[in-house]
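Step one of this worksheet: look at the structure below.
All chains are identified by letter, namely A, B, C, D and E, in their written order; residue positions are counted from 1 within each chain.
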């Protein structure tokens, strides 16, 4: 493993009851790289995320992060080592304001509520939602929630950011707004693994793309190659008659 | 040896009744997703009804059971319709406190109406002894046991074979989808609550001939029934049956061989151990345990 | 036959639909398309009555059913096959199907309806006594559609039918949808497989961010730039 | 939809109003109680009894006894030309007892209180009165601890737990040993007791008294009164094959224990209850003939030698007239007797409830055995316990609990009969 | 805290401190002492509720606290002030027995486990006669003096418990607005998401449990000194010290800072008033009314009195209606969410 390798997933598999959700998937992510993960609903993308972030432990295979094995580490410890993630179904903490939501991860490493509040405001500002800071998190629109979710993940100070469909549900204009931001985060040295359905958007920001199909890697390569691969078109876009 | 056998028999006879009470709770818990802290009070009401029908009209418990059961079914339906249904979408905490309030209400309503006296239904037939190989039990206890077991099995059959049962199981699993495919969910909640209440009531009538009734007579059964339900698995009727018998045996065995004062501690210890080791119950439960906080 | 006008809907405080309109006619296949989280499933939930519409109206055969209960809608013939199949896993295949026919249980024709479903899906007949939760994905989808058919739908809404299924099975399911439509049922499908969906549909709607963006014939949509942009990306 | 919303809003407002009222009421009530005035031509006495909660049954009986005594005395002209006013407080649990005691004790007109049926409640309520320097007179609770705390102003007029066990041991050694044909040292005696304060304090006394009486073979068998099944206890008894079982039980467990002894065919030479559940009519009702022959040691019951208990007929008549039934236990009578003793002492102080005056008068007040409606005499020991209050042995016969021992109180001799029909 | 609420708080504290100046009625003072005991226990209970955890077993910690101080004082002659500190330690240690259930069980099932736990302790206290005197219980000696926390009048008790309650409230406020509070509240809303953000929720919940138990133990110890008599039926009483604090919390507003205080202040006198008003008329009628009131209050104000009042306030001030005011100290945890989030996390 070179110094530049931030994440190395080797041959992970996971079964839930009768369903093989992830089957022998390997992926290596370099420092400052963006990898797009695509595939139809139910292809195992989120399950793969869960194996990396520690929500589930793999039945087989290993996960190494920043040079250390984390296969059996709990989610909190992984987050502390620098894996931040968003959830596909956005889950703002209810009963708390937007700013407080972002303060939660900031308070992991710093006990000063005042500093956390300031830092949270900076992050919200960066995502252009500073005006929402004092609103209760449960009353937001989907697009706003997604931003809060991203701000929260960024607040963990990640080296690797797992973005699970942050663009889903946004209209094309909003998508166009978010993409440069993702690049900006990457430019700060954060590696990004993102699940997306909007192939066009993923293509635009990804250095590489990986396609999952029913738990296995279908294709893995440069974006342009991936989207023109006939297997991808067949599996992901539907068969052409 | 005889002591052991007699202890086990006593425990199993008791356990049959626990199973019946627990099955009712299981139905309510599994289908309506309500932790009914007033379940024991339903048993208590039926015990009072049995007592009054016996003293006022000399109605044998084994006859009055046919009057009390439908009445209590109706009572359960009313409870569901007017107290529990309006808070179907509240948090589990709120539901707990409403049923707790209900339990306080029913206990003290009994106190207001009947006073604190201990009342016993003395039905001579039930008190006669039946003895095999030196192991004895009264007809009352044996009847209670047999009827309880028969009813649990009947309910099991109902859940497996009839449309009503299938609907109830579907509701226990996924009420939203059940509603989606055209099942009148609320109506079946009434049915489930009615059935659950009726089961508790039958248990109350059956233990009437050998247990005194007083306003707090049912309180004991609530936690006990929960222990059985957790032991046997949520939504698992057969599990409740076995869990009830098991718990009855644990209780008497602990009483006879350790100390009667620690009977209940043994029961709770089993409860906590099972919760920790196999929260889905020894015999497994339905898929939607998560909805009531069990996973 | 089914007309949805300017509906909006919320989950708690969060707005899920802003302004969705669509209309479907007597029979045939209609596709409801759009990117993930655009509000397709939510639209179906509003139509089938499990999520109340905050504004707008739903009419069925000229009758306003905006506030009708899900049961009433199923009885009218508006049937929803939910995303992820949502079978009752601990019940047998046959029990699942029988529950699908709950609304018509009193007309004594449940048996013949069941037979018809088995004719359409012979595999299910073999597995009739098996727990539905133990079936393969394709078989489960068959049960889900079969359960919907048991309610004698006039409009059958199928959400993400091809989700997680092998291509061959997907193909079968789509031809099945066409067959159902030919029998005089209107099938409203929510799909990700755009090509497949439009190939079997005669009409389609595209929803984005909780708003109906485009409505048109399948042909028109196939050629629409927006569809390509959303789905194909190139 | 719209209509519903409005209705709901109204409902919310109404209920908010309701809640506000509920919150405000106690404050208003507090003001009104504080403002109530007293008259000097009456003696106000606090009365603590549990008439709700799990102790309600005998708590209510006890309170009835006090009420009858009060009404009869008032009808006869009161005490020192003053009428007696009982200020009642319901005390279902220990917290309520403390709370109510504080409430009454802080009412400056109340320096004297009676109670309380239950030992736990008595300990709590008397503690408040004693620490506040007022007088507390226990009329029914039996725990030794009540008078063992060296409080100058806590009195007990009824017999304490020790009286029960002493009499039981005497009855065993002086009567039953002979009847069962075994020397005292060979008698196997088990005391089965419920494990609350009542059972436990009796058991503690019994251990001492049994040793003094020479009962070598004496053991304890505690159980929980809330159990719905006592088969374990009965099976343990059966395994130990006792000659005599002494039981200390509340109501439901007394019946349950009796039934399960019968059901399990446990053969006993004698069964002696210790008041509580074994005195209740319900015990006989539930067990029927099987109860016949069961002994019970308790406060004086109405089937007693009336020459030994002057005034009992008057009490029984008054009770029947008021409540349309016979007393459910001896508690009403014991409290009736105790209340009358209290009034007699107040007569001595000329109606003054000053704690010091009362203590002096009570210490000097003496009555012979056989002169009160319970047959008790009156003489306080240094702990303010009435030494001449006693209990008697009764035996169930038909549906009557008849006093059978000792002779001066008995209406008949003890009948040898197998308890619980086996 | 905002300036305005600071002023309010100081005012209320001052008013509470002045109660004995305005009345020397020992009964009213007694009720006030009981209110403050309940404020303390409810506030302690509520620290778990910040994290969305419902306990129905706080009687266990209360009882442990009572018995610790009583046994130490009566049997080993340890000063009760030290006893109160010891009670906090033993209650905290006792709470560790619930650690595994806390981390493995969710919502109602944890509640049931705590209920069974407290009941078991009660039975064991009855059984362990040599240590606890069984059901007879322990009576503290009447020797008076500040050092022994024993007085003939209520005023000293009142000030002691007031100070204790203020400390408990202070700790609760401090937790709410500190790192721990943010993490607990987030965990109440979504345990899985908060773990993904790096919060070690098992440790967090355990800390909340231990703090909550220790505070409850302190009030149990005080109550033992105040009520003189310590017995299993009372000091381990499920209705009195498990259900009632939870009830106060629910009615006031579970998981909010002000809720439990308001709940205890409303419910304690209500119970007193019902008992004194209806006692002697019909057995149990007061509890019937209590039960009905409980059902109605819980149904009508599912978020608790504090949020209920807020809504009411907002309703009568229409100009405030549309602004999305942030939920502050008294904002409720969404009742729908607090325990329903059970899919998350393994067990």
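Everything that follows uses one rule, which is that a contact is a pair of C-beta atoms (placed from the backbone, for glycine too) under 8 Å apart; a residue touches a chain by one contact, two chains touch by 3 or more.
What you see is a predicted model; the values in this text were computed from it and never measured.
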Least hop count linking chain C to chain E through chains in contact: 2
Mutual neighbours - chains that touch chain A and chain B alike: C, E
Partner chains shared by chain D and chain E (touch criterion as defined above): B
Furthest chain, CA centroid comparison against chain C: D
Chain B and chain C: spacing of chain centres that average the CA atoms, whole Å: 41
Gap in Å, rounded to a whole number, between the CA centres of chain D and chain B: 35
Intercentroid distance (Cα basis), chain E paired with chain B, Å: 31
Inter-centroid spacing, chain D versus chain C (mean Cα positions, whole Å): 73
Where chain C touches two or more other chains at once, by residue number: 12, 133
Residues of chain B engaged with two or more neighbouring chains: 108, 111, 115-116, 259, 261, 264
Chain A: positions in contact with at least two other chains: 136, 138-139
Interchain contacts (touch definition) - all pairs: A-C, A-E, B-C, B-D, B-E, D-E
In the complex with chain D, residue positions of chain B that touch it: 3, 6-7, 10-11, 14, 108, 111, 115-120, 122, 124, 127, 129, 131, 136-138, 141, 207, 210-212, 214, 216-217, 220-221, 251-256, 259-261, 263-264
Residue numbers on chain B that touch chain C, as the complex places them: 163, 166-167, 169-170, 173-174, 176-184, 286-287
Partner chain E, residues of chain A touching it in the complex: 53-55, 74-77, 79-80, 84-85, 87, 91-97, 100-101, 103-105, 107-109, 111, 113, 116, 134-136, 138-139, 152-153, 155-156
List of chain E residues in touch with chain D within their complex: 25-28, 30-31, 34, 123, 126-127, 129, 134-137, 139, 142, 152, 154, 227-229, 231, 233-234, 237, 240, 266, 269-270, 272-273, 275-277, 279-280, 283-284, 286-287, 293, 296-297, 300-301, 305, 308-309, 311-312, 315
Chain B partner contacts - residues on chain E that touch it in the complex: 54, 56, 100-101, 104-113, 115-117, 119-120, 123-124, 126-127, 243, 246-247, 250, 254, 282-288, 290-292, 294-295, 298-299, 302, 335-340, 342-343, 345-347
